[in-house]
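Written out below as structure tokens is the structure these notes cover.
Order of writing sets the labels: A, B, C and D. Residues in every chain begin at 1.
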Amino acid sequence: MTIEGRDDTAQARIRLGMVGGGEGAFIGAVHRIAARLDDHYQFVAGALSSTPEKAMRSGAALGLDPKRTYGDFEEMARRERRLKDGIEAVAIVTPNHMHAPAAAAFLKAGIHVICDKPLTTTLKEAKKLAALAEKSGLVFCVTHNYTGYPLVRQAREMVRAGELGEIRVVQVEYPQDWLTENLEATGQKQAEWRTDPARSGGGGCIGDIGTHAYNLADFVAGQQVAELSAELTTFVKGRRLDDNVQVMLRYANGARGLLWASQVAPGNENGLQLRVYGDRGGLHWRQDNPNYLYFTPFGKPTQILTRGGAGAIAAANRVTRIPSGHPEGYLEAFATIYTEAAAAIRAARTGAKVDPAVNFPTVDDGVKGLAFIEAALQSSRRNGAWTKLG
Amino acid sequence: MTIEGRDDTAQARIRLGMVGGGEGAFIGAVHRIAARLDDHYQFVAGALSSTPEKAMRSGAALGLDPKRTYGDFEEMARRERRLKDGIEAVAIVTPNHMHAPAAAAFLKAGIHVICDKPLTTTLKEAKKLAALAEKSGLVFCVTHNYTGYPLVRQAREMVRAGELGEIRVVQVEYPQDWLTENLEATGQKQAEWRTDPARSGGGGCIGDIGTHAYNLADFVAGQQVAELSAELTTFVKGRRLDDNVQVMLRYANGARGLLWASQVAPGNENGLQLRVYGDRGGLHWRQDNPNYLYFTPFGKPTQILTRGGAGAIAAANRVTRIPSGHPEGYLEAFATIYTEAAAAIRAARTGAKVDPAVNFPTVDDGVKGLAFIEAALQSSRRNGAWTKLG
Amino acid sequence: MTIEGRDDTAQARIRLGMVGGGEGAFIGAVHRIAARLDDHYQFVAGALSSTPEKAMRSGAALGLDPKRTYGDFEEMARRERRLKDGIEAVAIVTPNHMHAPAAAAFLKAGIHVICDKPLTTTLKEAKKLAALAEKSGLVFCVTHNYTGYPLVRQAREMVRAGELGEIRVVQVEYPQDWLTENLEATGQKQAEWRTDPARSGGGGCIGDIGTHAYNLADFVAGQQVAELSAELTTFVKGRRLDDNVQVMLRYANGARGLLWASQVAPGNENGLQLRVYGDRGGLHWRQDNPNYLYFTPFGKPTQILTRGGAGAIAAANRVTRIPSGHPEGYLEAFATIYTEAAAAIRAARTGAKVDPAVNFPTVDDGVKGLAFIEAALQSSRRNGAWTKLG
Amino acid sequence: MTIEGRDDTAQARIRLGMVGGGEGAFIGAVHRIAARLDDHYQFVAGALSSTPEKAMRSGAALGLDPKRTYGDFEEMARRERRLKDGIEAVAIVTPNHMHAPAAAAFLKAGIHVICDKPLTTTLKEAKKLAALAEKSGLVFCVTHNYTGYPLVRQAREMVRAGELGEIRVVQVEYPQDWLTENLEATGQKQAEWRTDPARSGGGGCIGDIGTHAYNLADFVAGQQVAELSAELTTFVKGRRLDDNVQVMLRYANGARGLLWASQVAPGNENGLQLRVYGDRGGLHWRQDNPNYLYFTPFGKPTQILTRGGAGAIAAANRVTRIPSGHPEGYLEAFATIYTEAAAAIRAARTGAKVDPAVNFPTVDDGVKGLAFIEAALQSSRRNGAWTKLG
């Protein structure tokens, strides 16, 4: 167990700001808990809403200094860079269309970025942002949070170590049911912006959760998708973006994949699951009970690998906080992304090398996500034609 | 509980013959148990192998009268039709390429047919056989046995009753792992013929288990597939037929489906499972624990419906033998197909009407299976082009 | 897979009669299916009800020769012994109080006995019957059917082979919910006799299902219970026998056990499960999904052993009919008891030795069951005093 | 979803100290994360070890001001009370024998106490401490953390609302396997003190995890245990305290219970689970997958209630942070205890009334735990004699 030393630190905590995440938001609070859980950050500034009064009210509710509660992210970037104890990193948790301009503003201000996904609303914009990030030399973390689960990391390492042999088949899915009806028509805020092309980009379900599924498969299977054939469907009348996504994947090594994401599958809450099969074994992991990983070496009984338990390996144990049998969940996995980014940000303070074990999704993963979305949109428009990823 | 009266009958049992199913076969014994379980059949004649000595030896081992142990099915059909107490029905359990000629021979002899799947090796042959069957007026049952599970029948009736609303998404899969390696090269009999185009037809995995998945989805969702896009892959070097199958489905009503079948997915034994989603609810059923059906009315908690338990409906209860909590399995479901066919065969004895509750897969389901196989083969050859079902 | 040769046999089938199991009975039909499934028996005579007209009607419904449909078991024993092709074995499936007299009558007639459990209504009667059985040299099988599950046999062999080390803890339970309300007051036949001391004996829940749990633990753990402390409770007003049973067990080797059986636990259908722990490993098996056995070698990941799958051993495979992943259930396990008894009965025809692999519960297991019931009743009456088994 | 406002607060955070929890401890870090997760506390002082150098080193590692890093808890209590910004609350996370003296010292200093369980090592000491706590008027929270799980709270409220009817049967268990071998002999710190009567008190397994099981059953079933019969066993040679615990419970209302706790059951990590049955329904909850609660209204299908999902009620939702399907775990449940205590501590600042929805285990629950331990020890010594709780 590596809990001591993970949650606590003698080194000064990282000063963190936030863009978005005010009143009525969902993911902002998740980011704040994630930042706090291992005690590597202190939250000191925010542009929490695009509506100024709401921004002020949200800042007050969260105990921010009113002087560091900003009406917009540009002002925040401009002023924080000048403060002696200005923020070192910013979390961007707005609707998708604001990710790129906000991230660019903070990169230009020399501030590290932790940005929600999908990275941007277009691949072009994503690539531009990635170039800017690279030039800046700053840390740029994209919160593909499911890669923070210890057993997802274990799965990845087992694949890399060859325990599955050559990868042949990848089955990944992310079904939900919350958009089974026309929820956006009721004014529900989350539904509204996530089904609005102006704020979400051209992908609905595929951007919101399809990219998570894609990222998870990419992270674990470690294979490059060469081309895909996609069928995007909108089932709910009046909805402006896709709410069900089927994608067939061809990997560069010859493996085949199927990705299914849906927001209209009653009985599924956040049913992300991944199965990977090679010529020597198979793996199965589900987010709704994430402390167990099913591993079958071909021809032998399936083993239940538990987080922190017998068979858990170093890559999983270094991001594990509590003993096996005591479940960790979504917030802990999210916190791990923040804690990994913190290691990189602290290293940047002194120019030290980042520990090679540190692992978090970067702007490049964000670009991959947009390449996936755009290829899928294009394929679907072209009646499922096999389409290469940009 | 309807167990009394199901397994026992005052009416004379149906005289049954078998083609195939001798030494070394797997499915023949399953058919014999299935025929016996509810006591509607007596097994009295067989052409159990295409090798005469093996046929005789197998017949002796099964206690058949040597006079009714035949060296080939044609002799059997010819002679049994002339016997006063000749067989009334025949079970055909050979490799696929023999289904059509054997079935035709018995139909012509006025004998009811219970035939394994896939019905034939080509769609053309299947249609011809179906025409012959229709003309004959005889019972023709195709053993898509998974439709015999009580909760599969319950699922079907719930869909028909509108409990799921309009169907939108169908997810069906049938993964196995037994062909992960080149088992056919070792001389294993089952692997040999199932990967041999001459005996299996043009489809490998898709014919052997893909058709089961397709049939199950068809049976439950009750929607017509308009067109499909398929990706058939052969992963094992030297294998002559597909061993991994991905299919995207477009239903006539606008629903979308994904079908995955694989013989190379380590950790999966016979992992058939079906999920169906409509605008009012969702259903989930798995063959490996078939006595439970998960039903979610949208916006309400998921319910666990049990075979014979609270919430079980008439269509399920009439094919249920024992109380809930005592598991029934594969053989019982298979027996139900035989028992349902027996009801039709007995009705044919007297020209009576068949009870409308009786339900078994017919030659038409067999034709549908071949239409699916051929469309998938064609689509896959044409790089996944959307292909209508013939 | 050993399916061929299991269900079929060149040797003449065993002529079987039945006492009880007529109209309205539950377990009679189960016995008939079990006898038929592997084709070792033919059902030819019966005294199916203590009401003569019902006996005749039941016999007719089951296709029995009216001459061999008897009004009572004594007449049946007397007449069948004189027939040239009289029954060789009888299945006794009456309420408990009739087991002893019926079994004695058939033993005296030189007919093998297959008897439902509990063996009798008192320990004294059970011992007397066992003595009679021993003297007769006939086969006496008691249908503690759960020992017929392949993975229960595997569990037993793993314990015997030392894979768990020295046994320390046994947790066994059998909860049901069907008697949560006063069902017997409604006239439901099963509830009526099972809660009637005159027909069930002094134990209600403990006799009906507690003995199954006890037998299962005994079969697998292979340890002798030295003494027990029991708390039997009747929750439903007006009920005459216990409906909830708690027992603490002290084994001769120092192990400790807990047994819980209940008929008033809503949500449990037939929730029999067993967990056994030793100083080297643990095992977990559940009847509601009986094709999986969870085995944990201490300090290593839990393994999922599947019926017929990787890790399945000979003792399990010899009673397995179909491939792993295709579930077998309650009827197959019950059939295995019949098939094992058939091996002994056939050996008795010729005086041959019974294959040592053959394994079925005998009259001695029946005696053990009564010893358990009586010790528990006595302990409970004495406020849970630790009581030795008689 | 009530996440906004839960993790953040405009009111000043509570100044928290800690006794114990330095280098090599396990539970100290858990308490610190729990205190931090919802942002209601700031950790500012500690007497983290009874070894002064270790205390200083631990304080430094955690970023404490060296002036507020104390060598013993008495000095800490004395000095903190005099500071203007001294701690308002202390977390006591030492081995059991130190709980009482430490808690007393802080109560006397006017500082609120959050204390690990079991409360003390004797019932007498527990009652004395409770009296002191009551007199002080201060908040005294005992971290029976499993009551912080949202669905445990839901279960409790469902019982209180009568959804199960009159409670009849309670089955609770907490098996582990980490002490299967003589781990304390290897010098492992956790094993050492937990098996040492001088530091743990007279109960081993029963104190460490049996009390958690007892508390969980007490919290949910809401019935008073009148008397118990216990069998405590020590399986590992050389171990000085019990490592397997069986207890039969008689409730005042006539209900019956079984409690099993074990540290020697291979395959169990922290397998806490609870089942409660009444005359109208049943409930089942497991800690290893805590986001699901199985509820069966008698005669109807079992429902899967999910944290935050359909069917979740106010008592569960107010302690839920993230949407259903995204798992929360052990740390979140632990944090909920801290957050609930924070509400009481803040109310105490101003003399305000505590919101009646606030719910955390108090010193009285701690006393109940000791009453349970002592009755069980006494019963076990007296060969399982039924023993009333003190």
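Some observations on this one:
Definition applied: a residue touches a chain if its C-beta (ideal position, glycine included) is under 8 Å from a C-beta of that chain, and two chains touch if they have at least 3 such contacts.
The chain lineup, named per UniProt: A, B, C, D = Gfo/Idh/MocA family oxidoreductase.
What you see is a predicted model; the values in this text were computed from it and never measured.
Two chain pairs are in question, B-C and A-C; the one with more C-beta pairs in contact is B-C.
Each chain gets a centre from the mean of its Cα atoms; the one farthest from the centre of chain B is D. Rounded to whole angstrom, the centroid-to-centroid distance between chain A and chain C, based on C-alpha atoms, equals 55 Å. Once the centre of each chain is set as its mean CA position, chain A and chain B turn out to be 43 Å apart. Work out the mean CA point of chain B and of chain C, and you get 34 Å between them.
Across the assembly, chain B contributes residues 268, 294-295, 299, 302, 306, 309 that each touch 2 or more other chains. Residue ranges on chain B touching chain C, taken from their complex, read 1, 3-10, 23-26, 29-30, 32-33, 36-39, 60-63, 176, 268-271, 287-291, 306, 309, 321-332. Residues of chain D touching chain B in their complex: 294-295, 299-306, 309-311.
Contact residues on chain C toward chain D in their complex (touch as defined above): 164, 168-169, 171, 173, 177, 180-181, 229, 231, 233, 235, 244, 246, 248, 250, 254, 256, 258, 260, 262, 264-268, 275, 277-284, 294-299, 302, 383-384, 386.
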